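Some structures to go through are shown next.
Look at the two complexes coming up: chain A is in both, with chain B in one and chain C in the other.
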Partner chain A sequence: MAMKRSILGSGYLSPGSAIVMLIAAVSTVVVLVWPIEKRQGLEFWTFSKTHSQMYAEQLKTWNAQADAEGAHPRVNLFVIDMTALVRRTLSSFWADTPVADMIEVEGNTIGRYVAGPLEDVGFVDLTDLLQEEGIYDLVNPPSFSLWTSRGRVFGLPHDVHPVMLCYRADIVEEAGIDVSEIETWDDFARVLAPLIKDLDGDGRPDRYLLNTWYTNTEWIEPLMLQAGGGTFDESGELIVASKANALVISTIIHWCFGEGRIAIDAPEFSPAANHLKIEGRVVASLMPDWLASTWKNDMPQLSGKLKLMPLPAWEPGGRRTSVYGGTMIAIPKSTKNFDEAWAFVKHLYLSEELAEELYRTTNIITPVRRYWDSDYFNEPDPYFQGQAPGAMYIALAPDVPPRTSSPFRPLAMTRIGEAINDLRKYAQANDIYEVDGLMPEALRLLEEAERRVRAEMSRNVFLTEVTP
Partner chain B sequence: MFRKLAVYTPLTLFAAITLVPFLYLACSSLKTNDVFFSSPFLPIDSAWWDINWSGLTLDNFKRLFQEAGIGRAIVNSFFFASTMAVLGTLGSAMGGYALAKFNFLGRGMFTNIVLTALIIPGALLLAPGYKVLYTLGLLDSYAGLILPGVAPAFGVFLFRQAFVSGLPTEMMEAGRIDGCGEVRMFFQLALPMVRPMVGAFLLITYLGTWNNFIGPQIVLQTPEKYPLAVAVAQLRGPYGSEYGMIMAGTIVAILPVLILFLMLQKDFIAGLTAGSVKG
Partner chain C sequence: MSRGTRTPWWAPYLFIAPFAVAFCVFTAYPLFESIVMAFLQTSGPKRSEYVGLSNFSWMWEDPDFHKAVRNTVIFACGSIFIQLPCSLGLALLLNRPDIKGRAFWRMIFFAPSLVGLAFVAILAGLVFEKNTGLLNVALHQVIWFDPEFPWLQEYVMPALIISAFWMYVGFNMVYFLAALQNVNTDLLEAAQVDGAGPLHRFRHVTIPAIRPVATFVILLSLIGSFQLFELPYLLLNNSGGPDNQGLTIVMYLYQKGFDWGDLGYASAVGWVLALLLSVFAIIQRILSKTEVA
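Moving on, here comes the complex of A and B:
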């Protein structure tokens, strides 16, 4: 037997295997000699690079003070992709292991953290502290709703996120239309109807009035909340089968199909949909404050062509705004430095520097009401034809509807989505597209959806008694 | 001639269609933010042939290295992928060799455990795996990512089958008679007999680790330790994404592994087809 050959010699390894082994050897050496900065102090996780950039200046000051005076520990900020952040945090809660000292939580994920008995929620219950320190009075009250479960608050809100209507002022004004005539969604459809146009001469309209679609439940939820519906009310009761929801889903079908169609499917964060918006095929879109900065970044071509206005109401005198998105900062129970973490959380989230930076960088208005009179909110924005979006959003902030943190919210929205789809089938099968004609069936479908959600909720032995 | 044309024309067409997303990727990585949504491929002004050259830039690549620290992520990816490929292949081969060629108490039970491990969904192991890594002090360490992949159940079973069919027991007995030790027998007699499997498994593990996203996301917390898949994902954000940089990052992420695959595809095919013509 030829025992004298080495393992790396010819015959034992293919060239490919030898290359992989060589890469392993070289990269191991490089990784071992490349130093990694050692970080001392508290750990703070955020899911947003934009947030980290906004916090940079204040972190620098905080850490400089920590180095010079030693009054508090340093804070190290880590940007972690949202999926990773949720996975790590939940893994840590379930495995009962330490995690960061402060964590920013995105609104759509809150249900996952509070799904279980209150005492098992991995974040510190801040309710009493917020009351004792008077923070409740500083912050816009609806901003707490998303971070509240069974009456207990688990974080300090980062934002308000009121929703306005953004419209193509160039198109609307060229047609001589005055949007001040619009108070309700019916007014919206009637007043702007002349703008629905066939732009390419193929006999079919290409431009529609409103960016929404019956399949896009994520953007239908703000409309339901605006109408007084949604998934759960403030006391935690299921309200899927409410008349408000029935009105919204019937109207959505009316907007998407039949002769009264005014809707176009141009979802956010989609290159193809952005193209439709740039081409002027979409007249108006729902716009939470944060989305304004996204549009500025992704569609600079629209600068000077847009304007904002309050959402049309569902009935005369009704609510002219809604809410979409949200972030909070929470402190995990596993932290050994609660006092220091809480001090930093307040320093960061309640500071005027952050309020200004938040608005200037992302168009987000702060939930801290004492800063709402600041000059920067009144500065004209050329992207919106010189309007002052800050002041406009702030005027609507107190009317933002409350939201639920229930872990069953996604399930309820899925069932509502199915009800909308069934309503679409019903409308097409019976050639009924008017809202009044669709309402009875919409209510029936929503009742069925609510029954199914209730049945699925009742199977959860941990939550039946106590949630939401 | 006609027959060749009839075969190669549709094949070329389908091959070209599969390249369209890559073309989109390449064009998008070179576009400025202003013109990113103006057209699917190269930025244009009035017609498809009127290319807006000022809308093309290498800035996305520059920023990727200067701002996003992608250079370090590339090294990390090479390190994780190659180290896990080498150690994973070695561990799997050793495990498979033992189960295939040694009679010991509990061999059947161990084989069944390996088979059972194959059917456990990865998601179920997240929390317990996290706990184990925490207990061992391996969170946020290179070892925490590498050690759990040193002897994957799939690899152990694959090599067990390879040794059962590819390594005659008589050859091992001949080696022992000639005075060959067990370690030497494994490296110099057994492994060469399953060489195609070694090459294929090495490459499979390499590609799998290079593309692995969930594991590093959970285990690693220090940004300097992130591999490419995680570093590129960091470019997404809730208020929008750096589309140009993401596209540039994707190109940087797929290029090294694409080159490696093209170099090693013979090994890969040889491993996959090993034994397929056995009578």
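Moving on, here comes the complex of A and C:
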């Protein structure tokens, strides 16, 4: 006899399996019908918690106006971890996944966004708008360079990030040394040499003059830029094998090894390295404006022991600053609210309130030049023995070197890093540590590095044109 | 049995359908797509150009790929020639009935493998730090070792091998311990009666008995080594480290495909990796057959 059987209770499924199926079915329905709160207004992503705290007040006012007057939409700010933010943004460019209306982009990641043909860059090209609205004239010109690809600008800069030298004034002054004698890096090594000391009596020096190391290419790049080198020039030409770069990498090896050693490896954001700085084993470090606030938060013990001075130049009369780090705000092409987003971007980045908040919270100086005369930049800072870091950084801001947004920059820096490592091996094998002795080999290695970068660039079928 | 009680003909297909659909969507199709992609250069998934065999030919010239292969092979050698013998040694030691607290020691040696790779990477960062790292400080105190010894600047692969050793030596020990249970004690006793010393007994009785498991563990370690990613990625701050000394094949694939959008080249690298692993698997199979014969 044919039997009619239902799925549940006929023997097709055990009671356990039936319960699992039931739970799966119920949870599926719940997930499908669960109400999702949809935020009204624009979405704004940043990678920095500090930035989000800085923007809080401005956002509150903006959103209050939006609620009261309805003149513009609300803005909802989200802090997203940098790696996740880059991944989600690239996913939106590559696969049309949802993305914010405004995104803050960190300098080291810009190459990834502009890696394809110009028309594939997922951010709105702001070049014409910046010109039409006169924003070019408001902002420090070098600040645009990092956000410019093939002559087109894709964002509004958040900062300038000039670099100064931060030194342990307590140690230097106790030794009776006058830093005003220092104009060049050679002066720096010569004048401060007496401070290299064996502090624990084990026969090896523990205190060195400069926080840098041959493996730390991230911090060698600002020195190359200061010397007039780097990876690409303003016209997009590859300049890896420049004499300026050869001088810098030879000097770095000279600083790290041999009789003339003055360098110590105490990387930023490392508690262990901070310990070295607090112990006084590092006399001086490169310090972009943003790093000043990081030191204040991470090493309050150094308050009143530090001072800032312009970077020593590579030759007499040379550039006394460099540039490190950077952020911009960009608007993805996929936004349906460009005008509203652009209005908010200008309101936020060009406002005097933000300029002040930016400096007070993070020591970052605004790229908007009309605010550079503000009083708060001249306020003495007890962390730096009463110096006014704002005014000091602003004095150097117009002189920061331009940078490249080329997607090949990380590749070029990798090859330069290999050249430095090979130069280190050459120096150790031949016991040559003087800059003049290292220069010919440095140039040869950089030429080889440049040849490799060119080979890899020529392989890219999408970027055949010059890519500044 | 009446027709009505029989399972419908479509029932098996219904039950395998969820897996079949998932397999086709998430494994078979991507696999096929990656073969096609290996002959393209892409700028993200949207834009691609056919480049023939250029992705494969570039691999011969690409210094980063060479470095990644070299680093991965060094790591694999460290796993096979340092880690596995130590695992076997530990297993032999902890298999001795005269060792007190064997279960405790087994747990102690196995415990690191319960920790995730991410934690190992963080710990290794603290251990191998210059000047203030646990290893350099301890060695400096004991044997006046250079506290600035640059583990993570110039000796990245040794640091990675040591970190992986700490994590996996106990894990592989468990495989060998299980294999040692299968060694025929009668044979061992007979060999001893015949005058065979410990080395001879180990070579002629123990090794043949544990060989199938040992071959399997070697293959697993080899595959694991060639898939190395998280440890260097986290230890070296999402990069290959100074001079790309910690760059592995999978890291390189990831960087090319997901950081730079060249999914074509990443696919080609992936297929070369798959080919390498297949070769190892075939060798293992041949060796296993030889043993059986």
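The rule is short, and it goes like this: the second predicted complex is superposed on the first by the 426 of 468 C-alpha atoms of A that agree within 3 Å, B and C clash if a C-alpha of one lies under 4 Å from a C-alpha of the other, contacts with A are read in each partner's own complex, and residues count from 1 in each chain.
One rule holds in what follows: contacts are C-beta pairs under 8 Å (C-beta built on N, C-alpha and C of every residue); 3 or more make two chains touch, one makes a residue touch a chain.
Just so it is clear, the structure is predicted and the values come from calculations on it, not from any experiment.
Novice: Based on the superposed arrangement, let me know which partner A:T83 touches: chain B (first), chain C (second), both, or neither?
Specialist: both
Novice: If we overlay the two complexes on their shared chain A, which of chain B and chain C does A:H275 touch? Say first, second, both or neither.
Specialist: Both partners, chain B and chain C.
Novice: Considering only touches as defined above, state whether A:N460 meets chain B (first), chain C (second), both or neither.
Specialist: Touch status of A:N460: second partner only.
Novice: See if chain A has more residues touched by chain B or by chain C, and give me that chain.
Specialist: Answer, by number of touched residues of chain A: B.
Novice: If we overlay the two complexes on their shared chain A, which of chain B and chain C does A:W185 touch? Say first, second, both or neither.
Specialist: neither
Novice: Touching A:W372 in the superposition: chain B (first), chain C (second), both, neither?
Specialist: Touch status of A:W372: no partner.
Novice: Using the touch definition from the top, say if A:W342 reaches chain B (first), chain C (second), both or neither.
Specialist: neither
Novice: Taking the superposition as given, does A:Y433 touch the first partner, chain B, the second, chain C, both, or neither?
Specialist: Touch status of A:Y433: no partner.
Novice: Is A:A95 contacted by the first partner chain B, the second partner chain C, both or neither?
Specialist: Both partners, chain B and chain C.
Novice: Taking the superposition as given, does A:D120 touch the first partner, chain B, the second, chain C, both, or neither?
Specialist: Once the two structures are laid over each other on A, A:D120 reaches chain C alone.
Novice: Let me check the overlay on chain A: which residues of chain A are in contact with chain B and also with chain C?
Specialist: Dual-contact residues (chain A): 1, 3, 83, 87, 90, 94-95, 275.
Novice: Which residues of chain B touch chain A once you look at their complex with the stated criterion?
Specialist: Touch residues, chain B against chain A: 33-34, 36-38, 40, 72, 75-76, 78-79, 81-83, 85-86, 126-128, 130-131, 134, 139, 142, 174-175, 178, 180, 184, 187-189, 191-192, 195-196, 198-199, 202-203, 206, 214, 217-218, 221-225, 230, 233-241, 243, 260, 263-264, 266-268, 270.
Novice: Show me the residue ranges of chain A that touch chain C in the complex, using the header's touch definition.
Specialist: 1-3, 83, 87, 90, 93-95, 112, 115-117, 120, 202, 204, 213, 215, 217, 265-266, 270, 272-273, 275-276, 281, 407, 414, 417-418, 421, 452, 455-456, 459-462
Novice: Spell out the part of chain A that touches chain B in their complex, as residue ranges.
Specialist: 1, 3, 5, 7, 11-17, 19-21, 23-24, 26-28, 30-31, 34, 36-37, 39, 47-50, 78-84, 87-88, 90-92, 94-98, 106, 269, 271, 274-275, 278, 290-291, 293-294, 297-301, 325, 327, 362
Novice: Which residues of chain C touch chain A once you look at their complex with the stated criterion?
Specialist: Its residues touching chain A are 2-5, 41, 43-47, 49, 51, 54, 58, 61-64, 126, 129-133, 144, 146, 148, 150, 153-154, 238, 242-244, 258-261.
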